[in-house]
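By written order: A, B, C, D and E. Residues from 1 in each chain.
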Amino acid sequence: MFAIIVKRIGNAALVMLVVAFIAFMIFQFLGDPVQLMLNSQATQEDRDALRIRLGLDQPVIMQFFTFVVRALQGDFGVSFRNQREVMSLIAERFPATFELVMVSTVLALLIGIPLGVFAAIKPKNLAARVVSMIGISVPAFVIGIVLILIFSVQLGWLPAFGRGEVVQFGTWSTGLLTPSGRLALIMPSISLALFQISFIMRLVTAEMLEVLRTDYIKFARARGLPDRRVYFRHALKNCMMPVVTMTGMMIGDLIAFALVTETVFQWPGMGLLFVQAVMFIDIPVMAAYLMIVSVIFITLNTIVDFVYLAVDPRLRQAGSGGGSHVR
Amino acid sequence: ENVLKWGAQRDVVSLDPYSYGDTFTIAVLNHVYEGLVRYDEKLQIAPALATSWEVVSPTVWRFHLRDGVKFHDGAPFTADDVIASLTRVSDPASPLRGNLPAYKGATKVDDHTVEINTTPNYPLLLNDLTNIVIFDKEWLVSNHAEAPTDVGKGVEGYATSHANGTGPFKVVSRKPDAETVFEVSKDWWDKPKHNIDKIIFTPIASSATRVAALLSAEIDFTNSAPLQDIPRLQASSGIKVLASNELRTVFFVFNRTDKTIASDVTDKNPMNDIKVRQAMYQSIDIDALQKKVMRGLSRNTGSMVAPAIPGYADALDSRLPYDPDAAKKLLAEAGYPNGFSFSFVCENDGYVNEEEICQAVSSMWARVGLKANLDVAPTSLQTAKFESGKFDVGILGWANEPMIDSFSILVQVVHSKVGTSGVFNWGGWNYPEVDALIDSAGKELDREKRLGFQTQALMKVKEDIAFMPLHQQPMAWAMGPNIESIVQLTDNKPRFWLTMMK
Amino acid sequence: MSVETQMTKTPDVPRFARVRAFLNGDLAHGFFHTPSAVISALVLLAIALTAIAAPLLSPQDPYDLTQLYLDKAELPPIWSAGGEVPYLLGTDVQGRDIFSAILYGSRISLMIGFASVVVSVVIGITVGLISGYIGGRIDNFLMRLGDLVLSIPTLLVAILVSAIFRQLLPVSMRDAFTPAILTTSIAITSWVQYARIVRASTMVEARKEYVLAARILQLPSSKIMISHILPNVMTAVLVTATLNLGLAILAEATLSFLGVGMPVTQPSLGTLIRIGNQYFFSGSWWVVLFPALQLSLIILAVNLLGDWLRDALNPKLR
Amino acid sequence: MNAAPLPNDGPGTGPVLDIRDLVVEFPTRHGVLTAIRGVSVTVGRGEILGIVGESGAGKSLTGAAVIGLLEPPGRIASGEIRVGGRRIDNLPKSDMMALRGKTIGAIFQDPLTSLNPLLTVGDQLVETIRCHLPLSRAEAARRAIDLLNEVGIPSAELRLQQYPHQFSGGMRQRVVIALALAGEPDLVVADEPTTALDISIQAQITALLKRICRDRGTAVMLVTHDMGVIVETADRVAVMYAGRIVEIGPVDDIIRRPQHPYTRGLIGSIPSLVTRRERLVQIDGAMPRLNSMPPGCAFHPRCVLADTRCRTDLPPLQKNGSGMAACWNLAAGNAVEAA
Amino acid sequence: MTNALAKPTLCVDDVACFFDVSPSWFDRTVMRKPRRTLKAVDGLSFLIERGTTFSIVGESGCGKSTLARLVVGLYQPTRGALSFASGSGRDGFVRTQMIFQDPFASLNPRWRVGAIIAEPIKQMGLRRSGAETQARVRQLLETVGLSGQDSNRYPHEFSGGQRQRISIARALAAEPEFLVCDEPTSALDVSVQAQILNLLKDLQRELSLTYLFISHNLAAVRHVSDRVAVMYLGRIVEEAATDEIFERPQHPYTRFLLDTVPNLDRPNRDRVPATVDLPSPIDPPPGCAYNPRCPLVTDICRAAAPEPRPVGSTLVRCHHAIA
């Protein structure tokens, strides 16, 4: 068990290192930082001085090493565009994205799983089929625009943009504690979650249909267990493995997709920052965002692996190497 | 409590007015920081932190500073602050250095008197000073912000995210790209002509979202109402739109060096042939552009400056007629019967409907055989291309702010790149006669004479079709029912210290 | 339920027999009895045909700047007051015919979607077969590579890749290469899924006795992989590929919507929506509505078809 | 021991399971496939009835019909199934649910897949026990231990905490049997309970089944295609061919004196451990598919004795010696045997 | 039976096949777990005479399939050697082919039957033209009792027995002299099993084939084979002529097998169930591998592994075998 945990963490660290390398390479490839930092009037001496100050005269490996060390300390340099420390920029934006993504995840799971079970039990139900299709077929940005048109402009019920009023706890801010903050969260989280609702729903349905055909479900029925118990205790539990995996993946995807939602709803999160960074080729922000999202993503997947161990006794066996999950 | 919610198209770059020569940033920060002089409601120069001034000699101006002015942190305003601020803005690393071209130095006479040394007979110092804002020296020193922020140093300046001015509002909080909150400064020296307690400034990049926010009363005001939405906004009850055209003239500039950047003509630069420039000019259907792209809100112009700018003359304003056939003929005469291709660098966040203008013009050019490789990107990316001359045709808008005088465009754009002049001479154009005229104007204290030189210079430029003026661009403000009155001047700067709420 | 005549054996007319056998087969029968599959296939066929024949059908070439006239800008659809022939669905602010732009945009969307799926399938199959059949260190390496790709969200990779490529290319080549860049950036992240599917099935198939029989004959590994294993893993790949086609089209639209996709002068559906978005409140609803509808319709049809295929080909659900 | 189906004279006295003229159909797009074509069979208290036959003969379907777990679209088209005298084939879903496990237990072929891998063996046992008997958790756990002991799993208390994957194949099948017996059913339907197991474990499981049947008086319907298992375990055996019972009778009689030509072929095709024959008896051809059932006796295309009547008329299952057989040419067959 | 002049078709000499089932590199280095080997086959020696059937019986996991794969060259022996008699094969030895257990997995479901059978012919270049190949395929199909027209159909259109026939036809297509049959009938119904066993015997007679017949079905083994070897945990515990082994089993394991197998000739007998399951071949018990289950076990069984020794015409690995 311990071995498995150590291994998972080691794996995650390795992947992180490679991601760091990619981020570093973006730095190296996307133009010369010196060029980007100094204006055209700068002299050659200025350039050389800056080059040395930035450590760009060192061999690439050393530079990478410095990059990693500084990244570990949360130092990703200064945003070209905002002229502020990238880390503090991201730290400021992170709560907004986090809140949005978490609410969407909860929505996706709370709505997606029961709907998925329902659709598996009643495969012919039309409403379920429609829901399972809408989310994956109508792009989130289209949904966002339509929602704004209906609920903000026509009905005036919900705010069209922003987070509403937020409560600050140190560096963390939350909109969940104020009525306007909660109202503001509704449309962005729905438009973000819709894809995932459909996705989780389809996943659960597909898994359920498969699990319901297994011998142990047949045997559970043959023992006279009531349907509800068969569906929710026996079948659903066995469906949860891929759902757990996908939830890990999903949160990462949500963070990425949040940038679409954030663009539409002017949600002051990391995604907006990133989109702007891409437009402006603000490399430190791009690199930091890439690293941070990967950290979150990899952490989640590592947690998922541990959840696996908790859920599936077969994987806990020493020496069985743990669960390499297949998507 | 009167809270004004302001939805802008974009955020200010920084809280430091000296960090970036950006008109909008300075306009927003003018609520917090003030200069020695300012423009009044009629765009006339009026005293601000200086109460009076006199020209002591051709090179020395003396300013008498206002008594009893306090910075937001409570520190008193003195001559040291003025000197520190002038030093800061004229630092070699300061991007605003060009806004104060004649500045040579400053000396403290006493706590409330300063002398500024300039180049001889510089006529426009006051105009320049309208936008040179004053920091508190102690605040700068104790926060190590005496020098302007230098990105190269890898540290952000304290002033980037903090502000301490003397203005009518003070900054309470700021989250870049999300929200900046201003609160009324009770200790403002001037008599407030507003009743605002708080301004919440929010950038909303998506124009649709911004309009939706205004329609659903989430914001009270926007200084950039999308032109296409104006009819809709006007039709909504309670929403007022103030639309007219501003000082800014938008025009195209040419690469005038010997080599093209991305063209199928490689042996020479076709842009150096006046026939080609005229062909390009005459193939632009400016009326269609005005009607469709600018929604009838821009003012077509043949001049490089707006009528309100001193130096303007009616004779400057005539345009060459739209005539694609003539254009084709000119091209043929110039040796390009089948046209040629070139790079056309535009931004998508600079001027009003800029991307659409460039697209539309590209298609007009295409019809006479000119193939523009349209390169559209945010300003920050394109600026680098402009500054390094990596374009064949580019777009530029010039409002002559803060000078409000045609000398501004002449010295910064038209003049060849010498010393502090010609900072925006991107394409390497060079007209020695025009340069001479500009230089004479820069040393002429007599206003009429000076403007005569300037008009003459503008005329020469026009005759050579050195640039291709399009229009004075529109400005459109929209406000919700909470706003009682607001002052809109042609410089397109919101002035909330002149705004009443209901 | 139609009444099929019992299939009589026709041994010596192979071609027609195959067609007939296919039409009589479960797959075709199931297809013709699933209205959603038939309708979506028809819709998709119609969209694909009109997209391919766009130059013949559309009154205007929206990518040809000389055909855009400002005085025809923002015309409403033909049935509204002010609509003009031939601008069926109206025009945008540049005078671009929306109908033509949709046809051309669908062409780009479908092309990029399809190409990226094909590219990723090819990569995925190659990697998956090698990984699954040869195993060992190569397998380990390839799978770790896949993990790595998956450890960054797809959309993010796509944005970065397309942003980087665009930055590296000179302006004059950029527009021409954008479809290829988009294809690459979408494909770069989606091959892993196929690789995993193929690898898993390959490992199952490789243990099956028909493969052992081939190995006993000392057939070269490449031949075993391609002619024996590949046909047996294609079903799963096909299903996933169909479902992913929807995702790929969506990805292209999203990138274009975010401004890192197709340029305004060659709009894809996503670009059209991004442009149209600005005119949403101004009354020019047709600029955004029709492209959005078309995009949703394409993805919906692809997904419905994919769903049907998945159900039809899944032996476990029979 | 009853050879012939008894008339049902009420609970207690009659057979535990009484199937009469069971017909199971699958409606498909090319018409209705009749997979079970009139099966009648009874199982008495404490009796083990073996059902043998080739793959696809309909053995499992018969079992599934009794448990009420025919996979849709399969359905009982006609006939009756009575358990303990009560008719169960037309019960509503919920009543059938209550009956399963309580009155009818079931054991499936593969012990590896019959247990939910994510729940401990104890969980599954306790849950099943509490579903049928009004017991507290602790009481149910005690009963679970008793059950495990009964099926011969040592240190049952410890084993309750373990997951199925920690059990060996034979142990798992024991757990499955314990689960099937948890509700103390009167009838157990065992579908190939030993097929997936090694010979040595097979012996353990058949012995266990026999013991339990003897001790508890449970009726067992043992479905298998392995004559050997039947011979070891069953009291009576029914031979199925193409959805019908072609012969039924006491095991000894069927092995020694098979009456139906199919049974005879079947027995003859099993190689013997004791004697060595040069060639095995071979029934040529294969069982017909459901969609191409020949008219008359389904076995006639493979039957050496087939005559014109076999090709047109369906032979009824008729009494013959100690058992019953369905063949027009039984007399001839008997004559052969007698000779 | 041994003919001194004719070299046996296959001579297996102390062949072993081990699998490395060690934990991952990480577990070994960090968690200090030892390397482990699984001795699937550990020191087998036997001869198969030309034209005879040599059978291997044993429980699941005792190494039967591994042996089969060693023989057809799918695995390389870890130790020992397999030597074949010279024959018409490409390398000068007898041609060897294999028939598999699972009639569903042994035919590629995407290939037509004709192509499946033609593949060995094409691969080995046994026929010159396509037409000849087709003719040969048809001939082979008829040899195994199918019709030549069946070559246009797909495997799923056939029943299990028919598929096994196709499988045999494919093996025969390579014109082998030696056939390895790994449980060829254990997935089939008894009536079909009889068909296949009869077919195998007929083919042996007609084509003078040599068989290595692997099965856990003792009765089938008795029916087809000339010599039988009983395997237990990777070793042969007893080897003798068929009748000898069935009538006078020497090893306690052989006896146990014969006792547990259901016997139609003695119905309603209570079998003797085994009390201990088969141990894992990763760590077999010390001494005689059978000792935990053996009724005759003594101390020497736990201490030393017995070597094969002749008891009459039988070779037995048991300390207690009585000569």
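The rule is simple: contacts are C-beta pairs under 8 Å (C-beta built on N, C-alpha and C of every residue); 3 or more make two chains touch, one makes a residue touch a chain.
Since the model is a prediction, treat every value here as computed from it, not as a measurement.
**Q** Moving step by step between touching chains, how few steps can get you from chain B to chain E?
**A** Minimal hop count between chain B and chain E: 2.
**Q** Report the chain whose mean Cα position is at the greatest distance from that of chain D.
**A** Between chain D and the rest, the longest centre separation is with B.
**Q** Take the average of all CA coordinates in chain B, do the same for chain C, and state the distance between these two points in whole angstrom.
**A** 47
**Q** How far is the middle of chain C from the middle of chain D, if each middle is the mean of its Cα atoms, in Å?
**A** A distance of 51 Å separates the two centres.
**Q** Where the CA atoms of chain A average out and where those of chain E average out, how many Å apart are those spots?
**A** 54
**Q** Can you compute the centre-to-centre distance for chain A and chain C, using the mean CA position of each chain? Integer Å is fine.
**A** That pair's centroid distance is 24 Å.
**Q** Please set out, as single numbers or ranges, the residues of chain B touching at least two other chains.
**A** 206, 208, 212, 215, in rising order.
**Q** Mind pulling the chain C residues that touch 2 or more other chains?
**A** Answer for chain C, listing residues that touch two or more other chains: 277, 280-281.
**Q** Going by the touch rule set out above, which residues of chain D reach two or more other chains?
**A** In chain D, no residue touches two or more other chains.
**Q** Looking at the complex, which residues from chain C come into contact with chain A?
**A** That would be residues 147-148, 150-156, 159-160, 163-164, 167-168, 193, 196, 200, 246-247, 250, 253-254, 257-260, 270, 273, 277, 280-281, 288, 292, 295-296, 299-300, 303-304, 307, 310, 316-317 of chain C.
**Q** Under the definition above, what is the set of chain C residues touching chain B in their complex?
**A** Checking each residue of chain C against chain B gives 64-71, 73-74, 93-95, 170-172, 174-175, 263-265, 277-284.
**Q** Quick check on the complex: what are the chain A residues that touch chain B?
**A** Touching chain B: residues 37-40, 42, 46, 50, 53-54, 77-78, 80-85, 89, 92-93, 96, 145, 148-149, 152-153, 156, 159-163, 263-266, 268, 272-273, 276, 279-281 of chain A.
**Q** What residues on chain E touch chain C, complex-wise?
**A** Touching chain C: residues 69, 72-74, 96-98, 100-102, 105-111, 116, 119-120, 123-124, 149, 152, 167, 170, 174 of chain E.
**Q** Enumerate the contact residues on chain A facing chain D in the complex.
**A** Listed in rising order, the residues of chain A that touch chain D are 214-216, 218-227, 229, 233-234, 237-238, 311-314, 317.
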